[in-house]
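Both complexes shown next keep chain A, but they swap its partner, so chain B is in the first and chain C is in the second.
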Partner chain A sequence: MLSAVLRRVFLSLLTLFFLAAFIFAATEILPGDALDVTLSADEMAMMPPERLAEMKRDLGLDRPAVERLGAFLLGVAQLDFGRTIISRAPVVDIVAYPLRNSLLLAGAVIVTALPLALILGVSAARWYRRPLDNVVSTGVIVGYSVPEFVIGTFLVMLFAVTWPLFPATITASTRDPALTLLAAAPLPVATILIGSIAYLARILRVGMVDALASDFVERLRLMGVPEWRVLLLHALPAAVVPSLMATALYAAALVSGIVVVELVFAYPGLGQELVRAVTRREVHVIQAIALASAAIVVVFNLLADLAILALDPRTRM
Partner chain B sequence: MPAFNRRTFMKTGLAGSAFLASLDVALLGSAGAQDGAPKKGGTLSYAQLSANRRSADATNARHPYFIVDANTRLQWNCLTWVDEKLGWQLEAASKVEPTDDKLNVWDVTLREGVLFHNGREMTSEDVASSFAYHRLNAPFARQIVKIEPVSKYVTRFTLEGGNAEFPYILAEYNSVIMPAADAKTIGMDGIGSGPFRIVATDPNRSVIMERFDGYWRKGLPLLDRVEVHNREGQQESALNGLRSGQFDAVLNIDARAAAQFASDAAYDIETAKGGYSFVIQLPKHPGSPFLDKRVRQAFAYAIDRDAIVRIAYGGKYGWVGNDSHLMVTDPAYVVRQGGRDIARARKLLAEAGYPNGITLPTLYWSPQLPEAGRYFQVVQQSAKEAGIVFAIEERPNDGYIQFRTGDNDLSKGNFHKFAMTAVGSRNPGISLFRMRDAFVESGHWRGPEHDQYIALYRQAMVTPDAGKRKAIYAEMQKILHEEVPAILPAGGDTFLVKRKNIRNMPYHPQIWSIRFDEVWKA
Partner chain C sequence: MGITIRRLLRRPLTALGIVLVLVHLTVALIAPSIVPFDPFKLLDAPLEPPGTTYWLGTDELGRDFLSRLLMGGRIAIVASLAAGFIATLGGGLLGLAMAYYRGPFDDVVSRIVEMKLAIPSILFVSLFVTGFGQSLAVLVFVMAVIKMMGVIRTVRAQGIVLMEQGYVKVAQMRGEHGPAIILREMLPNVADLLTVEFALRTSSALLLVSALSFLGLGLSPPTPDWGLMIHDGLQSIRSEPWLILAPALCISTLVIGLNFATEGIADAVGLEAARGVAGH
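Then we have the complex of A and B:
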């Protein structure tokens, strides 16, 4: 068991290393360096070569790519992503709180979505092809298909404008305490929640339908095991294991995929910061956000792997 | 049983509302009876759709150059203030006068007892220190060559030349008075002498202020707290915040939104005539197509200015620009002759060596006002009809000023962009001075016509008679119409929308000069 855990942790670290190298290469080497990305085509065309060389020297871009990659990875290991190109502010200062805020939003969604999706998925599977299943399945398709900005706008019109129960736009500050931010964000959470529940309930329903149709469930039923025990203690764990990896991937995608919702509600998260960094061509900020998102995917995958290790003895072999 | 239809619902709803309203009056008294007397206290929370274009971070977010809202009158004072009719008035100064009729040396006397938020009294040392910073960092203040404290309250400004309109320079939003400090640290603490002191900032996002009890205008401000939220490029989000009760007002909404809210009894629309226009700077660095006057003239003739007024400003809220920085509301404004002329534009291009049209560099724009996107699409499409082709690219407001101008050192090959920026209402002296060669908005226009333009400017600045100055300003504008150093195609009124219970909050043609001292909440 311990060696399996260590192997997965090592593989995760290796994946992170390659991801960091890839992000560096994608943003600084291919097709040009940070300066090429930051300057407009017109500027590049008009700038004298000696001035360009001077600027590259100032930003350390005249050093060999391998040397810069080494410095980048060393910086990443120390959580130092350098400074912004325009204002020379430390990138970590710019990214840290938005990252926390996005994790907070994603965390609130996951904590709420999982039990609700579980109830819906299990219920739909229990009453498979009955009216409840039809209602859940239809609702899931609708919830999964409608874009988040449509849901967000609809919720704002309903619960902020028509009935002013919740804030329509987030006025809390980037560095406000977590609870202050969450208290201001019921509509952003609800907006992401609808799609999340739909996705997770769909996966769980399929897993549960398969589990309930399996031989071991049939055998338990023949043995006279009460239906609720069959459902919750036997079928559910069997259904959860294959769903875990999909859930982990979804949770990871959530953090990087809530850009639209953050923009609709002016939520001070990573999405807003990423849009600002891309439009301002702040390469170092983009690198930090890309790496943070990648790290979240890797960590969630690792957690899912570890959970599967714990739940399924066959994987410890 | 009678059917419960839409009509029944409306009638029931209206009857219910009337009943609740009468109950309100019975229990609380008539609101109208309380309207007359300004009330102290309360929080004003507003969203700003045209915030500061300088990018801030945690280190400088309290500095007047980087604070979220360019309306620095909340936290600081200038020596003078420009009122709603664009006349200047004294603010922290009690006297501003030239020492002789050359108008190049001015003595400014401070009011006694103007306190900073840290409790210290403002003196001429603070004025000198603040302007030592401004003259290095604010274009308008660069004409000041020397600043000397003469006594505790008197400061002497020596200018590079006479300037009859110098008091307007002292009222610019950058020209605030900060507690004396060295150039690296001055202003960073956010301490001013304005009606509100900063209690919290979120860089590029919001600023929270509370009433300053030591404010020199006794009995003011009336509000306890002001919260400003940046919603640039997010008009719908801001208006949803207004509708849901989060914001009391939204500043700089576009003409369409203003028309929509004008018919809603729950809100007031305040209009500032003249308001804003946009300048398209035409860089004249080596190799630029804009070095050729005929290309600039062709561009000016190609743009459909009436279409901009119609599409971006809904017709009645807009006006055609004359390629100077003057607003149509300025008495010195001179109409540009010729209008749109595609044939003439094509002929000029052919003469310049572009018989098949010309492809210009990318034109950059930022959503400094909500209508900017529509505005520049019309510019692009109408120029195309004359064979002038260019891409347009949106850039964020955050940091746009740095992006647009760069460090703009021509000797190092750093060139400013072919880009727009918003231009506010100002007195003719400041407005027309923006077309000087040393300023990025003129695209560093040079040549004998420029020299003649500047000579006229210098002459106007030492002409105390306003009527004679106006005649000189007309001559200057005619040079601009012929030379087209930059293009200012059209402009429009600006609007704020506020809830009915926000009182005494008239809008201002200079959005950075609104005073919130006497705003109150019923």
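Then we have the complex of A and C:
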């Protein structure tokens, strides 16, 4: 058991290592170096060549790509993402609070979405192909078909413009305490919730339908086990294991959703920071945000793997 | 074929989906010849209310809003179709090749796919937009790569099932080579799956490209595009809400229609679309 856990932790770290290398290659090796990416072609042409060479030397960009990659990975291992090219501000300071704020949003969404998705998924599977299932399944398709930014703007129109219950944009600032931010964020959370519930309920429904059609459930029913026990104590755990396999996909979709919704509501998280960094071409900030989001997905996936390990004895080899 | 189509149309939601998709495709095709005004031209005062000259009024720069709305799906639809097609074809061939050859090739590609799935789509696009600039070609290429990962997984799993059936062995005994078996024996057997995958990936590419445009990372102004229009409309959400509602309705009905249709097609050919969903 312990070795199985350690193996998965090690594999997650290895994945993160490769992801960091990929992120560096995609932004600083393939298209040129950090300065090529930061400055526009016009700015490059305006600059005297010796000034450009001097800047490259100061930034350490005259070293070969492999050496720069090594330095980047070493920095990442110590949670040091360098400084921004132009303003020389430490990247970690720029990203830390927005990361916390986005995690708050993600946490609030998951805590609310899981029970609701469980109820919807299980009852849809219980009454498979009956009216309730049809309503849930149709609602699920609509839920993941409508883009998050459309749901967000609808909610703003309804609950900030027509009935002004909530502010249209978040007024809390980046370094406010966690509770202040959460209290200001019911509309962003509600927006992401719709897509999340749709996604999770769909996966759970499929798992439950399979589990309920299996032989062991048939046996339990023949033995006279009450239906609620069959549903919640036997079929549900069997349905949760395959659902957990889709955790990485869900976590990645959740992060993408959060990025978009933060822009709709001006919520001070990673999404805002990302769009700002892309427009200002701050390569190092983008790298840090990409790696932080990838780390979120990898950690989620690791937790799911460990949960599978705990739930399914066959995987403990 | 005829029976399949009749069976599709019997389910009301599938029929609704097919109609929605057909309407959107038709409008996108004929838009240039039916728009009342040049969608790029500054015609009048900004934010004119809807009236007899400009049926839906003018946008924040004084361009005819109806003309821009009619044109607003074209680039996004073409980009998504292209990305969906490349993803399905590339992912299909790769997935089958992995199932056929297995071994280290299969292992390496599988690990790469898993790793890619850890980077959220919007971040993945941001990396490439930062590195290679914001152009339509970069956008289509990156979206194709993103959507290909899910196709590879689904088709590989199906390919492994095919490998256990007799005819691949028979073809091997006839002395046929790997590529020929993959193309002639296995590919036709995943045609249904690839059709459903193509529809799924195209609709999720549409969601992705409109979200990117909304964020300012996708299509660039002055292209008429629903995602961009919703972004611009946010400034006047209190006074001119139709500037948001109209493009929001367009993008939503298109994706909902596509997904209703896909669900019906998947059901008709005996596949569960839910298993292929790869998020946005």
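Just so we're on the same page, the second predicted complex is superposed on the first by the 307 of 317 C-alpha atoms of A that agree within 3 Å, B and C clash if a C-alpha of one lies under 4 Å from a C-alpha of the other, contacts with A are read in each partner's own complex, and residues count from 1 in each chain.
Heads up, the rule we're going with is that contacts are C-beta pairs under 8 Å (C-beta built on N, C-alpha and C of every residue); 3 or more make two chains touch, one makes a residue touch a chain.
Remember, predicted model here, so these are calculated numbers, not experimental data.
In the superposition on chain A, A:A190 contacts neither chain B nor chain C. Looking at the shared chain after the overlay, A:A248 reaches chain C, while chain B stays out of its contact range. Looking at the shared chain after the overlay, A:P268 reaches chain B, while chain C stays out of its contact range. In the superposed model, A:T279 lies in contact with both chain B and chain C. Touch counts on chain A: comparing chain C and chain B, the chain ahead is C. When both complexes are overlaid on chain A, the residue A:S293 reaches chain C alone and has no touch with chain B. In the superposition on chain A, A:T171 makes contact with chain B only, while chain C stays out of contact range. In the superposed model, A:V161 makes contact with both chain B and chain C. Taken together, the two complexes place residues 156-157, 161, 168, 263-264, 275, 279 of chain A in contact with chain B and also with chain C. Residues 15, 18-19, 22-23, 26-28, 30-31, 37, 138, 141-142, 144-150, 153-154, 156-157, 161, 168, 195, 199, 202-203, 205-206, 248-250, 252-253, 255-257, 259-260, 263-264, 271, 274-275, 278-279, 281, 283, 286, 289-290, 293-294, 297-298, 301 of chain A are the ones touching chain C in the complex.
The touching residues of chain A, counted against chain B in their complex, run 40-43, 46-48, 50-51, 54, 84, 86-87, 89, 93-94, 156-157, 160-161, 164, 167-169, 171, 173-175, 263-266, 268, 275-276, 279-280. Residue ranges of chain C in contact with chain A, taken from their complex: 13, 114-115, 117-124, 126-132, 203, 207, 210-211, 214-217, 227, 230-231, 233-234, 237-238, 241, 244-245, 248, 251-252, 255-256, 258-260, 263, 272, 274-275, 277-280. Against chain A, the residues of chain B that register as touching in their complex are 45, 47, 55-59, 200, 202-206, 227, 229, 231, 234, 237-238, 240-241, 243-246, 285, 287, 361-362, 364, 394-396, 398-399, 402-403, 406, 412-415, 417-418.
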